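Per-chain numbering from 1; labels A, B, C, D, E and F assigned in written order.
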Amino acid sequence: MKNNKALVFSAHAADFVWRCGGAIALHQARGYEVTIICLSYGERGESAKLWKQDNTTTPMVKQARKEEAEKAAAELGAHDIIFLDLGDYPLDLDRESKYKIVDIIRKVQPDFMLSHSRFDPYNTDHMYTTEIALETRMIAQAWGHNPGEKVLGAPQLYLFEPHQTEQMGWVPNVFLDITEVWDKKRKAIECMEGQVHLWNYYTNLAENRANHFRRNSGGQAGGRPAKYAEGFQAVFPRCVDEL
Amino acid sequence: MKNNKALVFSAHAADFVWRCGGAIALHQARGYEVTIICLSYGERGESAKLWKQDNTTTPMVKQARKEEAEKAAAELGAHDIIFLDLGDYPLDLDRESKYKIVDIIRKVQPDFMLSHSRFDPYNTDHMYTTEIALETRMIAQAWGHNPGEKVLGAPQLYLFEPHQTEQMGWVPNVFLDITEVWDKKRKAIECMEGQVHLWNYYTNLAENRANHFRRNSGGQAGGRPAKYAEGFQAVFPRCVDEL
Amino acid sequence: MKNNKALVFSAHAADFVWRCGGAIALHQARGYEVTIICLSYGERGESAKLWKQDNTTTPMVKQARKEEAEKAAAELGAHDIIFLDLGDYPLDLDRESKYKIVDIIRKVQPDFMLSHSRFDPYNTDHMYTTEIALETRMIAQAWGHNPGEKVLGAPQLYLFEPHQTEQMGWVPNVFLDITEVWDKKRKAIECMEGQVHLWNYYTNLAENRANHFRRNSGGQAGGRPAKYAEGFQAVFPRCVDEL
Amino acid sequence: MKNNKALVFSAHAADFVWRCGGAIALHQARGYEVTIICLSYGERGESAKLWKQDNTTTPMVKQARKEEAEKAAAELGAHDIIFLDLGDYPLDLDRESKYKIVDIIRKVQPDFMLSHSRFDPYNTDHMYTTEIALETRMIAQAWGHNPGEKVLGAPQLYLFEPHQTEQMGWVPNVFLDITEVWDKKRKAIECMEGQVHLWNYYTNLAENRANHFRRNSGGQAGGRPAKYAEGFQAVFPRCVDEL
Amino acid sequence: MKNNKALVFSAHAADFVWRCGGAIALHQARGYEVTIICLSYGERGESAKLWKQDNTTTPMVKQARKEEAEKAAAELGAHDIIFLDLGDYPLDLDRESKYKIVDIIRKVQPDFMLSHSRFDPYNTDHMYTTEIALETRMIAQAWGHNPGEKVLGAPQLYLFEPHQTEQMGWVPNVFLDITEVWDKKRKAIECMEGQVHLWNYYTNLAENRANHFRRNSGGQAGGRPAKYAEGFQAVFPRCVDEL
Amino acid sequence: MKNNKALVFSAHAADFVWRCGGAIALHQARGYEVTIICLSYGERGESAKLWKQDNTTTPMVKQARKEEAEKAAAELGAHDIIFLDLGDYPLDLDRESKYKIVDIIRKVQPDFMLSHSRFDPYNTDHMYTTEIALETRMIAQAWGHNPGEKVLGAPQLYLFEPHQTEQMGWVPNVFLDITEVWDKKRKAIECMEGQVHLWNYYTNLAENRANHFRRNSGGQAGGRPAKYAEGFQAVFPRCVDEL
């Protein structure tokens, strides 16, 4: 039996749902344990609908976002979801918070990691999260950090799909067929009651990425009939013994 | 039993040896049939040693380069090597020559293709070869080209390592462990009697690429102990059902 | 009354429909005259469905593609559609064909032009078309080409959206609201009977581009409620007297 | 009557004069209210002439720079100039300072913003200022930041022209004709008594950018006869209903 | 005594004057022999003023452009100027024309070469010229091309400054102080009677490039007091024994 | 006699040896004084071998790394080596530490500086070091920083070769022949007893970079017979009076 692990960096509570919900559900179904780290609840920047209501307070928004995210994670069958509550707009981590993330990385020992695109002029929290992912990955590899702990190997870092990909300089180099878990992703999406306007958007996107999948897996002459897909940009080279 | 195929584009007769000899030998060992197309013999531009001898003629150079390349291909166990004799420095293909390549592509029906880097200010034949590889791949996919023939699917195109990678804008996103076939590659290299000064160069390179392989397959904490490797840049996204 | 003109370069007969059908219909509705040049019928490369039928011949395919394209152009209300029948897969223009295009450019005197993305590893005809667009734009500006004719000014060249934008290095810097003409574009799309699998794809895309439109025209706080949009990459700087 | 607003980020006190003085004066003339934020006085890094005098102190330099900048802003007719006095060489903002900027952005509610280039190996304060511009723009859009305040929409961010554009990776995609306000810009430039060696430089530049303006607005065949222009790089896509 | 050589590729007759006239004059003054190849007279595309006159014919334009260019070359003290009369708008060289250029390269045996920028959406002749420069440089290095002739070494290729540098992706990595030969360059510029509107433009540019020179050779603290400079982008790495 | 100076930024204690040991030894041999700043000892991240021993403590690791680095610096003949002990994995400098570096820069008054590549997804300390190098270079140029001190001119910044160059976006534009000091570099390398697996790697690399040197200094037809070389990427344009 497989004993693989994956680790997802989500700047705000909902990011993991739209951007890699399929990958989470699929790898769980394949026997992976997928852990999600939400750096913040997105309580300031991505909770417009809640703030438009009367008498809203920050703790109320955090609680609502937390519940939504937990419900979505459950729909995806995620192994674990961890909320670091580091504050958003802007995210800004001190050394201690970074070490907390390193602890999680070392405990999980992921085979691969997922995070945001490297550039995002609309949302600097997103690109900052990937800076942190790279920095904490490096620290987790250091023999001199908490000597005696098991250090991290060299897991791949996949950048999941940002909004408006072309403005972010994000280029997918792998498409993942998520057809078999699409229903789970759609249910997770529907947990995001504050962002109904995005449900259709990400359904369209998954259908169109499946078109790209089919185009690259066989083109006009055939190819696996994926109906829903997600795209990712692998940061590091792959190591193989067959092309 | 596997029935896979690969197709290599070599601008000049010797390019395939230095740049992807390991991949050829390895895939043959894995049950692939690897076909090599040499667009030219490299008789004008890459045969300095022969031309420095007295009384050299073009047919003599072509013959010598052909023999060397065939010997190297045999060392690598390549399934087939085809010489199109299209002339070098510069390569410049007419429509008929392109169609001849399309015929080969369709006959081989490769699972993947290999060619040069996309940019090369030192050697315009190299980048032109990849333009041709992309163009003929497209034609081979067209139902209206020689209707009735089996059209091509959507094979990956891997760009093998150019000389002075950084000047060519070439970035490897996959490293291939060629340790088990290194002896064959070295023997193929030693067939290149006119370019003895490059033997050590490409041995150094294979050792150093193995270091990169190890760095990406596990880092300081371990990783597969590859001793020789080759790097490639995949042009198209991969399609997977597990990251 | 306006007397503006636009000119569309379409490598194959159907390209203009998917990629800028909205822009064509919208500008016609705004009083522009939009002329479409189809460099080829796409008879070899983009007519798979027709070629899968028995007894298909090249003239039959050309005729079918021509009829489809004309019907689509009529749905969009295009002023004119010109078929140059230069052959596809690959397109390769001689000097005379280029001059024929220059004649059209000069006759139309477009305020702006539309063409394909600058790079396309899947379809070299597409990027070649934009090379031709730039080259013929330049010739049309030359006082010494057919002296006495009215030379071209400096029209903007917009690159319309390719398939798999990220692989093409295409980055939209303008979004066009095509909501008011969406029905016309959808009808034009439905003229493409050989490519039913793309109808939904381009509808999804138009909806998602409208999301991008709204995001950039006001963000979460509002913005014009575009429902369908198209993206374009302007090649040349704009000249304005107000930012 | 128009009620438009613009907001300028100036790392040091004088940057706005050289780089977008024309835009400021022109938009004021068009009925905009243009507010300038000077993050620092440039008292350490860009006041060499003052520091070469005897007995100079930091307060003296700040005062002199402030007076110069105010005088220049007055020549341009700017609506307001705000000095945050955050220190230069290097600029480094804490959370409180960022929120102070957010307050200004929300109060101004700009239709567009102006800032430095994204990269500058000569002057890291410049690129840092644009990081701050993007970050504070994002915070200003957050419903959860100071709930109840009017949030920001999605104003364009224009990057004004840096020194040595090519080294900064700055590419102008819009040229602004500033001919009608050139006299004001020149007078504002002449307020910069410490940098006389740059007066001619920026006059040359404005003339040459006007050449670029003419080249793109009609080429050799004509075009608006701009005599002075400024270039800008828009960060975000435009949203239009006519190309 | 020095016996150095340089070779300039000029797409059209006047290009060398504006873009590297200073380099030509300076190296002649330093004991170099500088040869200029004009691929065309620019008779179609860059002779608007002549074509606007009555009864102009192509031979008349060629003759006028040739005289101007010769006069300018003489002002610069160029060793030789060669007109290949290959036609412009568009330039398109056959194999024979390429070999003619190879003959010149081998005869000159340049220590360095000069050509246009690699990209130019406004003028495809310019970028094509640099493609040709790289291709003929490669052929000239081939021992199998006209065996027995002296082959070319590996001269640097400098790309001189295009119009609108940022749109061309041109980035200067070397600035040349041309102060001592500025008068010659200005006189050569004044030979271009058909393009009076550019005299001031290129004077401004030379002054501003001198500012960049000073900025990089010592910054605010001093630096060589160059008054006029030209910028170049070296294509190939330098080889040194001291940084 | 020469009185030149150079300054090397080394993120961790050993970086300077592998990446620019040849440049250090060579410039010392040419009469330069080369000062090395080690920002950290690399005690956490680059001392795996020491940490694998029992009872290792941080002070022990620091001491061991310091001794190694001093020994290596001595082999290279470096003028001075300064350990700032700022901590690694991650490096994160406060204002005071930056000013300490500025003090060193001003004291040394380097003719050129050396640092890491601009991007490094494997090791964020490396790219951070170059951010610091650029930032402190800027501060050192400011007349208002410690007024009265001699300000810095505009020294070139060379980026030395990172591991896995292509992943770092590093492109060498200068190769330095280090043949005459190779023995010193090899001896310095052999001081790194904790990283024996890298000795061969960097020897291979130096041999292969010499091949690149020869290729660019004369190509197949000759060129200086360098046997060992190092590559560098100059950040700023050069200023010359001869190309």
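Convention: contacts are C-beta pairs under 8 Å (C-beta built on N, C-alpha and C of every residue); 3 or more make two chains touch, one makes a residue touch a chain.
Source: prediction; values computed, not measured.
Listed by label, the chains touching chain A and chain E alike are B, C, D, F. Common neighbours of chain B and chain C under the contact rule above are A, E. When the contact pairs of B-C are matched by residue number against D-E, C-D or C-E, over half are shared only with C-E. With respect to chain E, maximal separation of chain centres occurs for A (centres as means of Cα atoms). Computed from the mean C-alpha positions, the centre of chain A lies at a distance of 37 Å from the centre of chain F. Chain contacts: chain B has residues 48, 122, 141, 143, 167, 172, 212, 215, 220, 236-237 touching two or more partner chains.
The complete set of chain-chain contacts reads A-B, A-C, A-D, A-F, B-C, B-E, B-F, C-D, C-E, D-E, D-F, E-F. Interface residues of chain A facing chain B in the complex, by the touch rule stated above, are 6, 23, 26-27, 30, 112, 141, 143, 151-154, 156, 158, 172-177, 212-213, 215-224, 226, 231-232, 234, 236-243. The residues of chain F lying in touch with chain D in their complex are 95, 98, 131, 134-135, 138-139, 141-145, 147, 157, 235-237. Those residues of chain E that touch chain C in the complex are listed here as 43-45, 47-48, 51-52, 56, 58, 61, 88-90, 92, 121-125, 167. Interface of chain A with chain C (complex): residues 48, 122, 163-167, 170-172, 197, 200-201, 204-205, 207-208, 211-212, 215, 220.
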